[in-house]
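In what follows, a structure is listed as structure tokens, so that the remarks can point back to it.
Letters are used for the chains, namely A, B and C, taken in the order the chains are written, and counting of residues starts over at 1 for each.
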Amino acid sequence: MLWKMAWRNLWRHRRRTFINLGSVAFGVWLTITAVGLGDYSYLRTINDSARMGFGHVTVQPEGYQASPSLEKRISDTNNTLSRVLEIDGVDHGVVRIIGQSMLASASKTVGGAFIAVDPSLETPEVNLFIRALKRGEMFSGTAGREAVIGSLMAEKLNLDLGKKLVLTAVDKNGEVVSELFRVKGIFKTSVTEVDSSTLLVPIDRIRKTLGYGADEATMISAYVEDYRKSRSVRDLISASVAPQGAEVATWRETQSELASLSDVDRGMNVLFLALLGVLISAGILNTSLMSVLERKQEFGMMLAVGMRPAQLAGMVLTESFFIGALGLCIGSLLCAPWIYYLLEVGLDMSSMMGTDYSAGGVLIDPILHIELYWQTILITIVGLLVLSMGAALYPAVSAARIPPIDVIKKVA
Amino acid sequence: MKNSLLPPFALSLLCSAPHPAVAAPEPLDVAALLDRIDDMWRGDASEAVVSMTVKTANYERSMKMEAWSLGEERTLIRIIEPLKEKGSATLKSGNNIYTYLPKTDRTIRLTSGMMGGSWMGSHFTNDDLVKESRLRQDYDAKLSFQGERGGQNLIEITLLPKEGAAVVWGKIVTTVDAGSLMPLETLYYDEDMAVARTARFTDIGNLGGRQVPTVMTMIPSDKPKEFTRIKYEKLDLGVKLDDAFFSVNRLKRTR
Amino acid sequence: MYTLTIAVRSLGRNKRRMVITTLATALAGWIMLVYSALLDGMVRTMERTVVSLELGDLQIHAEGYRRDPDLYLRISRGEELADELSKRGLLSAPRLYTFALAASGVSSAGAELRGIDVEREARVSEIHKHVRHGSWLDTTDPRGIVLGAKLARSMNAKVGSEVVLLGQAADGSMANDLYQVRGVLKTISERADRSGLFLTEAAFRELMVLPEGHHELALARGKHDLNAAKSIASSEAKGAEVMTWRELQPAVAQMLDSSVAGRFILMFIMYGAISMVILNATLMSVFERIREFGVMKAIGVTPFQVGFVIFLEVMLQALAASAIALATGLPLAFYLQRHGWNLSSFAGDMSFAGIAMEPIWYAQVSVAGVATAIGALFAIVALASLYPGIKAAIIRPLEAIYHR
């Protein structure tokens, strides 16, 4: 009965209903876009940063995080890696040795960090340096003497494809050791620090150089299909898989500054969404309140013919619920093509970023996409429904408070 | 990353040819020749007084130092002059280099990152000190020329890096006077076989009762006006030294 | 005048509706004002973050120094140049750089020594405010050094630890001396954190036997914009290389731009929501009263006058709304400009593209920003009143009277 009345009321005041529906539908569109863009930007930043070295979840020797050293290492890496890969939600895993070294050519010597990798595990997906290859190619074996180096390092050492380079580091016993490599590829990420001091080398060769066992490394990095699952994956790994003497950390711990930044970013987005919510509910509140005021006479009549104030309030709320639900449906339908466009094509922001956005290299994508999680969609839907009904709460209560006699008198 | 001419192991690169690598059909025993030359400056153990002059575009400096060696793995060098650096000492023990600094009374082990740094402001790096004794493992030696060239009867020995050896040079070529068997010149080539630096051996004189070149001058090819010159003033190959002499604890002890 | 009176009166007759509509519009205006001030502030904060800790707006080096940082490649008259530049409104800080080994106890690490002119540095950068433990450099304590966060960790050094520096002095001698850690920095940048070792210019010169010259001059652009500052600096520092921070760190500049671009999209969305509220309020206040307008027309008011009355009413409300928005929003925006909004409760050390970020978000109030917000408010209100205004103007009286 109440539902029917509320429904009929909506269509008796079509214009008002359409305005309200428009508000909600527009709100859906704005919220989904804002949340999706925000989530996409975290996703990208976090994944890019994971691809630069540590992955989403890292198994490393105890104490390595506090003071990294090649003397610290974990063992049984192959077995651990295969068990890590079996964990639900883990997409990729790599075994790496990361360390500081001195690099020399016949003309010069520079300091730099080496990342020793197994090329069969590394894909452009998980390794930004491979994606940033400008010349030459990635080495294919694990025991070769081939290296992929940064463009600025190549420049400093006066190196080119095929040229020799000697890496000197401190081995597992603290002894100074050297190894020869030839340049196989040159990458350019456009981050000066990285391009001038990073190189990739084959892992088994470095193991031999450093005196590591065939199954030892400084880290195992896991790439999680959805970065939000990092923590549960970490707990799973540390509970059952991690070798002795190892600690397991998520990207939040290995890259605490990035985590802080993304927290603040998220905070700002919450602020933004809160303001957006205030605006949307202000719109709905405005409309409902006005409509209640306009319908005083009508409400007075209803009360006079025996409707209880609570029922009246319920009716107003039900109207709002209909508007919210209908608005959500219309909004979702209307913004579906837009969402699809953002997911598939994206917004080209290059005009806002100056002409030469290539300076940012692989780290900058001038095309903005969105990332939608079903949780965000659900929260948006529930949130907007709650907002639209919450905004009608005050008008509903004030409708219920209308003294029937006065109103009729007033009108008469 | 240059190979070493450092005192007193400075010329020892000439002994670096591993015996089996010397091809049998060679009319000349390269290994024996290299050994002979090496023994000019360094026996099982040595004690020397050496002066070093460094000239670069930015400074010129000379220093005087005492140096001891035992085998190929241990070397101790202590500065006598200038006064400012008197007592500073460098100990090479295996692959490690320790520096004692009297000004701060500290002994520091150099990290891998410092290995590329200049040793005592010269054209040698700390890494040269470490790499020097490894030439034997890193290169194959062969006789590349014998006969007359430029009016001089010469023997030329070429050291080629072994497969995978962690060295930056393309090759090292040493020229020896065929008559006196005195070394004359060593050229260091980069990968593109261009000369990167040149070492010259001159001023043959009496050291430890034998005739040997007493001066060697190193000239980097990219800065032809610069050089590092090392002059042996005293050399004693008959000293008795033990491992304890080359301990880190002994570093700071002044004589 | 006559129409104005009608407009004021009809607003007065519907006080409650007028108040609701005005408040909704004011809320929208308020959010627009504060949010755009925060957004402008963020752009500025991010740029300041990038330049204020170590980079500076511009840097001057001797030609070729950046490619191959050589101890001997110096700007010869650094102090003189700094004085000349400050006369033209560009404050600058001369700096010295070299690499050395830093050892503390049994640990040692390669370090980038940075010789700092403590007094001038404070005019260009805010690094002195970023000390986590202990204190910043002081010229009266020439043995006191300040370490980057990661360097201190890898050397196992704390405030009070003794540190030996070993390097090669400009005269070829062994540079070595004993120092004491005075301070350990917060996160500054990847490079400074990992290897930055700061000492006073005098201490640097003594250690490295480098009596004169500087490797770098970091400039603050002051009131000039970046390009103007660059041309001033170039004209003063002839023969040296002058570069803006954008040229020095193109990737960071790009990241900043893309981040800003993302924020502006959010701003568009916010404007969308605001227009929606205003449109909604205006439409409601006009449509609910179509019947009234019908009556007006029935008694002989021309369609134009009806439209004009509606327009005036709406504009009066917008005026009141913007007054409210300004009265409440501006003080908040100014407060946020002065004191900032401390986000440190959200997180600890932050960095943007490897450069540390202050956890305080400052707003930026500008005439242009406020004018845009208020102008947009009026424009949206005017646009929103257009449709119902025209509708009311052309509607036939009878139809209007029965209009729901």
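Assume contacts are C-beta pairs under 8 Å (C-beta built on N, C-alpha and C of every residue); 3 or more make two chains touch, one makes a residue touch a chain.
Keep in mind the model is a prediction, meaning the values are calculated, not measured.
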item	value
Interchain contact steps from chain A to chain C (minimum; 1 if touching)	1
Chain pair with the most C-beta contacts	A-C
Relative to chain A, chain with the most remote C-alpha centre	B
Rounded Å distance, chain A centre to chain C centre (Cα mean)	24
Inter-chain centre distance, chain B versus chain C - centres from mean C-alpha coordinates, in Å	58
Rounded Å distance between chain A and chain B, as computed from the means of their C-alpha atoms	57
In chain B, residues with contacts to at least two other chains	111, 113
Multi-chain contact residues (two or more partners), chain A	111
Two or more partner chains touched - positions in chain C	110
Contact footprint of chain A on chain B as seen in their complex	1, 94-96, 111-113, 115-116, 125, 127, 130-131, 164-170, 190-191, 196, 222
In the complex with chain C, residue positions of chain A that touch it	12-13, 15-16, 19-20, 22-23, 26-27, 30, 33-34, 37, 41, 66-68, 111, 156, 189-193, 256-261, 263-264, 266-268, 272, 275-276, 278-280, 282-283, 285-287, 289-291, 293-294, 347, 349, 352-354, 356-357, 359-361, 363-366, 368
In the complex with chain C, residue positions of chain B that touch it	54, 56-61, 82, 84-85, 88, 99, 101, 103-104, 106, 108-111, 113-114, 117-118, 120-122
Chain B partner contacts - residues on chain C that touch it in the complex	72, 99, 101, 103, 108-110, 164, 166-174, 176-178
Residues on chain C engaged by chain A in the complex (per definition of touch)	16-17, 20-21, 24, 27-28, 31, 35, 68, 110, 153-154, 156, 187, 190-191, 249-251, 253-255, 257-258, 260-262, 264-266, 269-270, 272-274, 276-277, 280-281, 283-285, 287-288, 343, 346-354, 356-357, 359, 361, 404
